[in-house]
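Structures for review follow.
Each of the next two complexes has chain A plus one more chain, namely chain B in the first and chain C in the second.
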Partner chain A sequence: MASPPPGIAEILNTVLQPDLIASSLRIATPLALAAIGGTICERSGVVNIALEGLMLIAAFFGTAAALAAPTALGVSPVAAAWIGVLAAVIAGVVMSGLHAFTSITLKADQVVSGTAINILALGLTGFLIQVFYDRQGTTDGAATLPPLFVFDVKASGALGTVWEWVNGMFLGHTPLVYVTIVIAIVAQWAMYRTRWGLRLRALGEHPRAADTVGINVVKGRYVAVLMSGALAGLAGANLTLEQVGSFSENMTSGRGFIALAANIFGRWTPVGSYLASLLFGFAEALEIRLQTFAAAINIPPQFFLMLPYVLTVVVLAGFMGRAVGPAAVGKPYEKE
Partner chain B sequence: MRRGIRTVLALVLIAALSMLALGGCGGTTPAEPTTPPAAKLKAGMVTDIGGLGDKSFNDLSYAGLQKAEKELGVEIKAVSSKAMTDYDSNIALLANDKYEVIFCVGFLMGDAISKAATDFPSVKFGGIDIFNGGTQPNQLGLLFKEQEAGYLAGVTAGLLTKDTAVDPRINKENVIGFVGGMPIPPVQKFEAGFIAGAKSVNPDVVVKSLYSGSFTDQAKGKELGLSLISQKVDIIFAAAGQSGIGAYQACKEKNALFIGVDSDQYLTLPTPGDTVITSAMKRVDVGVFDTIKAVKDGTYKAGNMTFGLKEGGVDLAPWHDFESKVPQTLKDAIEKAKAAIIDGSVVVPEDPTKA
Partner chain C sequence: MRAPEEITARNARWMNVAQKVGTPMASVLLAMITGSLIVAATGGNPVLAFTALFQGAFGNPYQIGETIMRSTPLIFTGLAIAYGFRSGLFNIGAEGQLYMGGLAVAWLGIAFQGLPWFLLVPIMLVGGALAGAAWAFVPALLKAKVGAHEVITTMMFSWVARYFVSYVLNGPLKALGPDGKPGTVPVSEMLPAQATLPKFTAVLPFLPSNNAHVGFILAIVVAIVVWLIFRYTTLGYEARAVGFNPFAAENGGVSVARTTIMSLCISGALAALAGASEVMGVHGRLSDQFSAGFGFTGIAVALLAKNHPLAVIPAAILFGGLSAGSGYMQLNANVPDKLVDIVQALVILFVAAETIITWFIKQRQKEATKHG
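Right, the complex of A and B next:
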């Protein structure tokens, strides 16, 4: 406590760095991928509370594939990481197939099915770490995807400052960070500008009407659930194969549920989901930077850890009207 | 009607699958052959949420059990907790399976252990990081002076951050960082010791501390590490379970140095290497082994035991890749600090706000 309390200038100087935005984008990416998956799934009338479990399973199989690829296929580390991403997407699709089967074909309660998958994912991944790596908790380190745009350019003066900020904020991210933005925009366009999107929304609002005009409800919902599995798979791949390079038990730490909130906050639209995730990401990035001053201004770190959630509640309660989801969400479709 | 049957079918399918998976990690070992002739002592442990494989705290407790298995011929078993709600059932699982000594690993299991000590009076409990404030005749608190290990890590970081000649990754700024998991006493004691140790050799050093609020969230740990490094930090000490692995990844990626925690993390991190200077070790294994030995010898006593530098309960890990890089002055400073702590001339604070 020898140092004097920090001034506002020092706090601003620490917080307002290009890294704040870069960090927000990084934190937002897995949330947004899962949230857009949730949006597509719920728009078709199926609740997907299993996002957390899908991410976890995908993160595990992605890491496992990336670890196995160099020896099994003799590929380079970067290629191995991409194979891992593919494996993660496949794992997400397969697991979401289980959710689709129980909730669409068997017409089981969708929340129960999703919860079961979450529990299954936690247990299964822990068990498989032991089977594959003969130990518990954390896998070995796998190769990660390198940043996409790396420019070793130095400029001076005002132009240099601008370059430093642009470079620090938006360049130097890993590929899936950019892919996510593209996915959000494409999904938004597809949902509101294509025949597929119109049909998808019809499935979630009034499946009987959709059925009477000849739309295959079961098939349409299956496709939507599997798509959400693929996106949750990408989210898992981002966590392990872009961010940290190894899988550990329960490493998703509730991101699947925050993604569900982002989907609602984004009013069941892909771009809305992305922006909501970005807000959550920004809140967390801000929290991390403000927390540095916890000791100096004598506020316990718990207070800062709480901030992103407080912001979420305030935004949800204060600035947003009533959020209304698709009318038929959660209801299995009974053909007469 | 058909719908009802299908729903039931679906639920049974899901339940069966989850059981399969959960059973797998809870340990589906088929029933042990009935009691062997020379009734072995059975010692078990229940991990905290980080679980086995955290490459630090829980794994180290298990190492203590394994040592007891080898040297004392004890039958051992570890059960992993996936959530805080698993504590009670995991303890009951071991107690009902006739385990006589059960270790509860971690501060967060405090309530669970005192409840279990009442429910299973014939079982002897060892609570790692859990102070036994009650009168339970079958509960022993194994406490560690984390602050003393943190102090040694602090001396290391405090001296190295000034010494740019040691490694090109050390910058000119006099700033070092700490990453914690949840802000709970065992972690805060590491932080307090780290700050005190660093300031003892480098009074002007700035120590920036961040908590992830989680022991499992690797990605958050990495964000904390990246944030510290962008604030001119060149050496990070992490006491954060698997979140700490994330902080380590940040150091590796951004060319900073890392000090590990609990076990010798140079040996246990995924893809370790010359990013790890040393680790502030908490010899939980020593505490676990000693307790099992006491039970076997009939000298187990309820209450609390504290393991510090003096008792061999905390220490600094070997330098590994830094063996030749670390200057002799640092090695001397560590020995001096150790001697001062053991003879009591230095008392390391436990509260980060007083460090």
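Right, the complex of A and C next:
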């Protein structure tokens, strides 16, 4: 006998927990970091399809560094995790340097260059897992980042419930979750309130005009691409060192592309990218929780797993006509 | 004696051909050199590795058969990507269309297994191609009507296709186990013999034992057809016009939206044929991991072929050979087979950045003037 189908009340009761918001924030964080990286990059006039590969390679080197640090440097697990984060950022910057070199200096097709980096990242990480760890698929688990705040507060009654929700939703996260929110706000401010931001936007809208008034187009674009590499690197670190600890092949599973969609949905602004990522994060968190009822409500689990990808297409389809990207994005700059 | 301008014209033509063939070859060479450096840097022996790779690809009749077998889906996906590129579209989601093609032929082969092979095989191939076209249709429509970038939408559709195939193989199409109950492995039933593409050795029994199948011939025929489409038909002309300059094409009376939809759907159909030929010629049934990233390797194939449908064939054989040799290399030179993916990415990079050669020369000249 199958158990009776769960009522709406039971589903809501299981789904609507502080943990739903908490995991939305957690899932949104790497997406948002990559999306903000994409925003900065595209604002400078360079398409960054390579976000997926940058995240992947950063995730690998982050994990590898965090695994090696305790024995190599004799540091504590927490310090090792932070060394992993640093290594991930460096890996992201180095790989994005390749994208910058091919698409800015060599004026290669930016989408093709990005694709090459994605395939390179997949091949190189798979190759290095075998070389470093003599096996295929996944690495060992490294130490993960501890939560930033740990409050040992016990309250009872209504106040206790409120505290439980606030604590459960917002206070149990690793530092990267908060850092990402700060990055979104600072990047938004910098893009619209600083000279750097004005110049960055000029590069992507009308590089010739920017060049005419003495802005170095090549240098400006290099800086933007490398920044996107650093952010994608941080996103990669977040994928492994935030919770799981280990790296597995192709673990980004399309997140770089979803991040690009979030950047478009967020109208090429950092805060917009963050909020769009939050929407995708919420959808995924909801999907994970609803999956527990998959068998009971007779929907195969694969249909839940499709949801983030379907949502991305729906968002693009519904929004695209009204969102206009930087005018010169994707075009190499030819100095006269 | 020839007029000087005639000689220059001839020279220009030869230069053109040399450049067309030379830069891809230089790219492959550069990629292999870089690959060797990576092997050496990680403690391997590059000479041993590439010797094993070559032996694994072309060393004996059996391995040549492996190379042909592995290049077959790559001809299809290479054509798919090239067709897209020619029309100004980047069908990065060929992998998804490939899976839908495989799914369609598996279903058709089981559903219509009563038919004789000369009806069944064409029905399956056409059905598979249509499934791929259908899978590309929504991204095509979104590209044409609202401008949603096909790189993101086809990629997302790829993931959806993978999960859909996984669902089908855990549900409606799942093979029964020996006890008559649903089995534990997510695979379909084996296709009946009349629903498969026969091996070369089945048609020509005197050939030494190998796994190449007639899908390879089909792939070459399709490559020629695509070449003819581009060369002689309005369909191909309009696709090239839109790929070259959509604004000029629109002004010239070509419907950019219609051509975009058409081209991406044809690209999807070509990619789906890769899945169809793998299921019908290699595995004999559908499984959820039957493609070794053929949709992505197709990008390297198309770029190396400079999107020329006939040049796709040798490019696919090169990557098919790399793939066939990779296992042999891992076994005999103790270098991970993933090296082949790295080489593939590097080929794409070097082809895309073909100015790298002129850039190097310029840098040299700069330094020469500095020191001189």
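Miscellaneous remarks
Everything below uses one rule, namely that the second predicted complex is superposed on the first by the 317 of 336 C-alpha atoms of A that agree within 3 Å, B and C clash if a C-alpha of one lies under 4 Å from a C-alpha of the other, contacts with A are read in each partner's own complex, and residues count from 1 in each chain.
Keep this in mind: contacts are C-beta pairs under 8 Å (C-beta built on N, C-alpha and C of every residue); 3 or more make two chains touch, one makes a residue touch a chain.
Quick caveat: nothing in here was measured; it's all calculated off a predicted structure.
In the superposed model, B is the one of chain B and chain C that contacts more residues of chain A. In the superposition on chain A, A:Val310 contacts chain C only, with no contact to chain B.
Of the two partner chains, chain B and chain C are each touched by A:Ala108. By the touch criterion defined above, A:Met251 lies against chain B but remains apart from chain C after alignment on the C-alpha atoms of chain A. When both complexes are overlaid on chain A, the residue A:Ile299 reaches neither chain B nor chain C.
By the touch criterion defined above, A:Gly126 reaches both chain B and chain C. Once the two complexes are laid over each other on the shared chain, residue contacts for A:Leu239 go to chain B alone; chain C is not touched. In the superposition on chain A, contact of A:Ala327 is made with neither chain B nor chain C. By the touch criterion defined above, A:Asp19 lies against chain B but remains apart from chain C after alignment on the C-alpha atoms of chain A.
In the superposition on chain A, contact of A:Gly141 is made with chain B only, not with chain C.
Residue overlap on chain A between the chain B contacts of one complex and the chain C contacts of the other covers 98, 102, 106-109, 112-113, 116-117, 119-120, 122-124, 126-127, 130, 253, 300, 302, 305. By the touch rule above, chain A contacts chain B in their complex via residues 1-3, 14, 17, 19, 23, 26-27, 30, 98, 102, 106-109, 112-113, 116-117, 119-120, 122-124, 126-127, 129-130, 135-141, 239, 243-246, 248-251, 253, 284-285, 288-289, 291-292, 294-295, 298, 300-302, 304-305, 334. Put simply, chain A touches chain C in their complex at residues 49, 98, 102, 105-109, 111-113, 115-120, 122-124, 126-128, 130-131, 253-254, 257-258, 260-261, 264, 300, 302-303, 305-306, 309-310, 312-313, 316-317, 320-321. Of all residues in chain C, only 38, 42-43, 90, 92, 138-139, 142, 146-149, 151-153, 155-157, 159-160, 163-164, 166-167, 170-171, 296, 299-300, 303, 336, 338-342, 344-346, 348-349, 352-356, 359 touch chain A in the complex they form. Contacts from chain B toward chain A in the complex involve residues 3, 6-7, 9-11, 13-15, 17-18, 21-25, 49-55, 58-59, 80, 82, 180, 183, 199, 203, 206, 208-211, 213-214, 216-220, 222-224, 226-228, 230-231, 242, 245-246, 249, 269-271, 352-354.
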